[in-house]
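Heads up, there are several structures right after this.
Same chain, two partners: chain A is paired with chain B first, then with chain C.
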Partner chain A sequence: MIEQLPILNLVLLLTTALMIPFTQKISFKTTKLVGFTVLLTVLVSTLFILLHVQSEGAFYYHLGGYPSTIGIEFYVSILSAFFTLFVIALGTLIYVYSTRDIEHDVYAQDYGRYYTLLFILLFSMLGIVYTNDLFNTYVFMEILSITTCSIISIKRSKKNYTAAFRYLMLNEVGSLSYLFGVALIYMVTGYLNIDLAAESIQQVWHLYPANIVIALGFMIIGVSIKAAIFPFHIWLPDAHSTAPSASSALLSSIVVKVYIIIMIKVLLRLIGIDILEALNIPVFLTIIAASGMLIGSIFALGQKDLKRMLGYSSIAQIGYIVLGISLMSSLGLTAALFHIVSHGMMKAALFLSAGAFIFLRNQRAINGFNGLGYQMPISMAVFSIAGLGMIGIPGTSGFISKFNLGVAILDANQWFLLVILIMSGVLNAMYYLPIMINAFLKDNPEKNRVMQFEKLPKVMLVPIVVLGLMIVLVGLFPNSIMSYIEAAVAMLLA
Partner chain B sequence: MDDIILRTISRLIIPFIEIYGVFIILHGHVSPGGGFSGGAILGTSLILYTLVFGVEKAQKKFSHKVSDIAESGGILWFILIGLVGIFVTGYFLTNINAGFPIGEPGLLLSAGMIPLLMIGIGIKVASTMITLFHTVIEEAHHGSA
Partner chain C sequence: MKNRDYFRRSIESYNFQSIVLVSMLVAMLGFFFAYIINGFGFKTWLDSSVNLATIFFFIYRQRWLPLLIIGLPVVGGIGQFVIGRNICSVRDTWVIVTTFLTILFILFLYPLAIVEGFYFEVPYLLGFGLTFSIDMVGFIMLLITSILWFLVMLYSHEYMKHERHCNRFLFFMAMTYSAVLGTIMSGDLLTMFLFFEMMTFASYVLVTHGQKDESYSAGYNYIFMGLIGGFAILAAMILLFVHVGDVRFQSAIAVLSTLGSVRYWIIGLLIFGFGIKAGMAPVHVWLPRAHPVAPTPASALLSGIMIKVGAFGMIRVATSYFFPETFVIGTIWETMETIGFVVIWLGIITMAVGVFLALQQSHIKRMLAYHSVSQMGYIVLGIGVALYLGYKGAMGYTGAMYHIINHALFKSLLFMVAGVIYLRTRENDMYKLGGLWRKLPITAVICLIAALGISGIPLFNGFISKSILHHGIVEAYEYGHRSFYYAEWVFNVISAGTVCSFIKLFSYTFLGKLPEQYKDMKSQFMSLHIPMFVIAGLIILIGVFPRFILDGFIVPALCCTTYDPNFIQTYVVGLAFFTSEDLLSMLFVVVLGYAIFYAGKRWHLFHLHLPHWLRLEYMIFYPINRLMRLACRFMYGGQCRINPLMMSRIDLDAKNDVGFLERFTLTASVFNRRYENLIIKSDALIYTLILTGILGYLLLRI
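For the complex of A and B:
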């Protein structure tokens, strides 16, 4: 029965998305409740899958009962079980938040459409993480990028249309580039299944090194465009800053990470470390990661709009993840996978609390935060926790990931990367700290320093607080997550 | 576009286009074509109707409500057939092993569930094409007004 859960999760999410257009006659509150129940069900079932995989080991699922040589296959390993749980857990929190925030951002007639898109988005992300088939990954990627584009443009303003169009064009280039890579791999191996293709690549790569390099180049560039890895990031700040706040959180904390999971699968499960090092791929990854870490932060320093700043900060943080991958060691990968989780939580907390400022005060400009800590103490506190996590202060999950990354860099004997890591940390502090200092230590324009209770609606406040608590808890007890991540890394490197 | 030649010719030709679309959908498993191409042809027939007779009349033939049902219904039908496989053999989208009749290869009634899936895809593609076209026209109307 457990073997059926992955496909049932997908079917449940897709069916919910399709049923929403029929619910126009029922009050929207009921629809939202049903959606929440569905997400909770999927959350529980992903949790079951994770526990099952942990005790019984990974399992395969063949769609239609066809063997893996011709059919589509799901591979539910500890990696996919853990990251689907991560996607759905954050997705549920953001869903709860969006149920109120959406009133501020989206026209009433688009509510249903927004949730249809949200569920298809979650559906395609789960599919990407579960699937063990290169072409099936491409299909889910297309679904994901088209829904992302619509969820950006749902606000119906000129800015959103521009951002969404730019997103669509660049991501289409990315998708096709990935597809071209898949075609070249298929040409060499004759398989689309990752396991089978990996086996034949191991045997024949000496004969076709150029083919493998070109295929890998196309695939890495395709995924990099979608994951906004520097220098392919130009769509991200516009898209993430104009989208409704809940969607920005979703895009920045989960969607971008899913593409990095594709990259990890392609690099480590399809090609394997030995071939990558023989072909000199890690050096290129290190260069783009290191430059992204610095340049994302430098751009973020110059921003005047809070959400744009958070967007550029994402580019820098994705650089950290890619740096961890490029070290090609078990320590580096552990740091990278841990940072996917920890950055997901921190960026979601930052975007959701930024959405709270916009919801209550219509405050987007970075220099307008004076004294906001007195009017919105809870969301500002969570914003500060997440911001401190981005800088890497002990006690937050960000510290653990930076610490692990530092250890991995030292283990690889590349001290100049450590310098870049520290410089990027200092730059992070330079743009996150002033906001916190202004909010808590400066007077607001009305000279009103009276502490108020937060006026934010409860459904918006609860996800923010939960995320803040999770950041601190993971920072204090990292081993709760680390055991899963280490098992996943052991699986990837085996 | 109020032209008697256009109206008469379209009235004559649209039924044939639709029959051809249905033919391609139903013969997807034995000849080139299938749900997508047949659905596109079906959609084209209604696009032609919209071009000749105007959006208002076309909306009466194929309103947004119908398109909502057709679009979601097409995929729900697909999922439903897939679920049969889970309950019978334990694999999503199982074909012959789940008890769909294999028929005689090469004939219309063969290949198990494939024709059933093709019908779902055809409905979905046809209604998507029409809805896209109508939405574009409506947006243009709003823009000029």
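For the complex of A and C:
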């Protein structure tokens, strides 16, 4: 029974996406309710899958009963079970927030379209995480990038169209280069299934090193463009800053991470550490990651617009994750996977609270935050918690990821990366701290500085608060999710 | 009329309350000290009295006592929001009572501290669990912290009536208190780091409490230096964790001595990180800015306690990780020798820089802050001697611990005096004051006591620790390197500078001619004088009976370390105070100090200042700005596209007070405005180049 749940999740999400135009005919309220029920159901079922995988071990699911040589195969390991739970949990929170925030950003006739897109987005992300097939991954990636593009352009302004068009073009380059890489792998191995392809690569890579290297180069670059890893990040600030706030949160905290999961799958499950090290790939990844950590932050320093700054900050944080992967050790991977989760929560909290400032005060400019902490104490407090997490203050999940990453770096004997890590932390402080300080400690002459109760609608406030609490809880008790991540890493490196 | 009556009564009742609390404190401390030295057979009586002994036994056997002590100020801080949003006397009483209770519980820790190394663990928190431990060194810090905090809170009631946002101030004061207690009681570096960062952030709000432009710029300086220090500690912690596998405060020298240069990185980063908080010389720049702008109770505690936590951190990490498990003689001390050598000179530089800059100040609180730097130099010097001499370093350790106690007392008292002067005259500039002893006789006497304390005059506490430190530096010269002969000279000259500086402070504010506008001021006894009396009393008591602190606290603390027990027995326990040698050298220092003061006043040397191009900001950013402009002119000819307005803000001549970070941010934004769009627009080109480049690179490698 549990084995059927992954595909049922996908079917459920897809049908909901198709149902929403009809429910929207009845009322927007129905859409909200249906969407929320579906998300809760999927959340519960992913939870069951995780518990099942934890007790019984990983399992395969063959679509239509075809054997894995020709058919599509789902591999539900602890990695995919945990990350689907992560995707759906964050997705649900952001969904709840968006049901009210959408009024500010999107025209009324587009509500139905927005939620259709949102569910297709979640559907494709779940598919990417579950699937064990290279070409199938490509199909889901295409669905994901097209829906993302539509979600960015749903606000119907010139800026959004430009950003969406740029996003579409660059992501097509990414998808196609990934596809080209898959084709080259297929040429060498004759399989699209990751496990089977990996086995034959182990046997034949000495014969076709050029093929493997080119394939790997194309795949890494393709995924890097989509995950906005440093030199390929150019589309991200525009896209994330113009999208509706809820979607920015979704894009920055989940969508980008899903591509990193693809990258982990390709690097570790398809190719394997030995071959990667023989081909000198880790060094190349390390350079990309380290420069991204610094340059993303330096660009974030000069921004005037809050959401744009958060976008650049994402680029720096993705650098942390790639750095963890590039160390190619179990400690490094643990740190990277933990940072996926912790950055997901922190960035979601940041974007959602930024959305709250825009929703209530229309406040986007960074220099206009004076005294905002008195008008919106709760969302500003969560913003501060998440910002402190980005800096790496103990008590937040950001500290745990930074500590683990530092330990992994020194374990790999690369102390100069530790220097970069710490410089990046200081840079983060330089653009997050002034906002908090201005909001809580500076006076705004125009506004009343008596502490007010938050006027934000409850539907928007609850997800923000939950995210803030989760950041602190995971920061204080990291072992709760660390055990899953360690199991996942053990699976990847086995 | 009725209102005024009510007001007067509440003040009087507050006076009454504080007298009651202070006498309770004195009684409590009296019993406690009687217990320690078994005066009047008190200890014997208490141990034989079954009922009392069971109660005490019950309380101090509670393993969660550290958590209670950390939690109590937090309860006070949150409670005062609920209890007294508007009624200020009720609120303050609540806060003061909670701080008082904290002292009580801290006293219960004494049996634990003296008998055994006490461990308490909170599992799972932060992944590794938090541990707390209390030993004698920690207990000394806890005791001085809690007593001073209580007295300052008594003081702050009267003082904070003239400030806004009292609730916020008291809340963050309580958070800082709890963080300081946590830092002292922590049993591993991770816990210490957690509380240390909490302290940085909580005290940041105290620094910027005034919400003026200068407080923000001082605050930026403070928080970024604090963060950088925190990151240094984090890096050291990661290094330790990777190489030793454990961050508990226990001897790791067996592993560390096999590590080559890594061990120097670890201790160097730790000393740098804690040194920032302690105001050590090259990284002291935040201190003279941050301490004067904070409200006086906060600056008294910042200077009195918080910078000591930095020094305590240094002592803690050095004596735990880098000292051997048990007392041995051998090459194991070599690491410490190298580090100690550096630390001693850092301490001497700190002393010199602090005094030199203090002599130029006219703002009273800023001058005191520079003296904090200089006095921290004494403590760092003591720590340096304690490390440098290896197993014979007990004298430096004693001096450092003793000076931590003494400096906490007289520096917070001096800040309180500055607060009273400001409260009555609204003036911080000592050149604009004078003759105040007629108007503020009580304050003048207290100021005199504190000044005698800090200048190291016999019969006041500063003399004791300074002469111990002097012994320490002489030992460093005798057992160690020749260069410390000069260090001793510098030591004496700097002590003379301190004497001169306080002659200057006292004569400019309390002596001389009274300015016209203060003619009508009346002498008045206020409740904030009560805590000041207590501290002044402690200063004199320690000065007259120096053996008490030494035998009761510092020698037990020394016995926990792995110094040579014979050395401790002969030199520290057998230390003679008030020897003719010490007194003579003190006389020399005083005479020299007066000579400097006379020369300074005669030839206006106190008004000299360093040229501003010497500041680091200029040296780094001036060339960068010039280069950017040059490049721009080169590329675009006359029409430079860099925003001239932004550039002018970082220009050398336009603004003198733009700090390092702001300059960096501005440069970054100029760069961004200029190139961000260009990069985004040339996307296709960049992708093509990078794609071909990477593929070419990968293909060439095989």
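By definition in this document, the second predicted complex is superposed on the first by the 492 of 494 C-alpha atoms of A that agree within 3 Å, B and C clash if a C-alpha of one lies under 4 Å from a C-alpha of the other, contacts with A are read in each partner's own complex, and residues count from 1 in each chain.
Note that in this section contacts are C-beta pairs under 8 Å (C-beta built on N, C-alpha and C of every residue); 3 or more make two chains touch, one makes a residue touch a chain.
A quick note: this is a predicted structure, and the numbers were derived from the prediction, not measured.
Applying the stated contact rule after C-alpha superposition, one finds that A:F477 touches chain C and leaves chain B untouched.
In the superposition on chain A, A:L63 contacts chain B only, with no contact to chain C. Between chain B and chain C, it is C that contacts the larger number of residues in chain A. Applying the stated contact rule after C-alpha superposition, one finds that A:I391 touches chain C and leaves chain B untouched.
Look at A:L43: by the touch rule set out above, it reaches neither chain B nor chain C. Of the two partner chains, chain B is the only one touched by A:I7; chain C is not. Of the two partner chains placed by superposition, A:I273 touches none, neither chain B nor chain C. Of all residues in chain C, those touching chain A in their complex are 124-127, 190, 193-194, 197-198, 201, 205, 208, 211, 216, 219, 223-224, 227-228, 231-232, 234-235, 237-239, 241-243, 661, 664-665, 668-673, 676, 679-680, 683, 686-687, 690-691, 694-695, 697-699, 701-702. Listing the residues of chain B that touch chain A in their complex gives 68-69, 71-72, 75-76, 79, 82-83, 85-86, 89-95, 97. Residue ranges of chain A in contact with chain B, taken from their complex: 3-4, 7-8, 11, 14-15, 18-19, 21-22, 61-65. Per the touch definition, chain A reaches chain C in the complex via residues 166, 170, 173, 177, 209-210, 213-214, 216-218, 221, 225, 231-232, 234-235, 237-238, 279-280, 284, 298-299, 301-303, 388, 391-395, 399-400, 402-403, 406-407, 409-411, 418, 422, 425-426, 429-430, 433, 437, 441-443, 475-479, 482.
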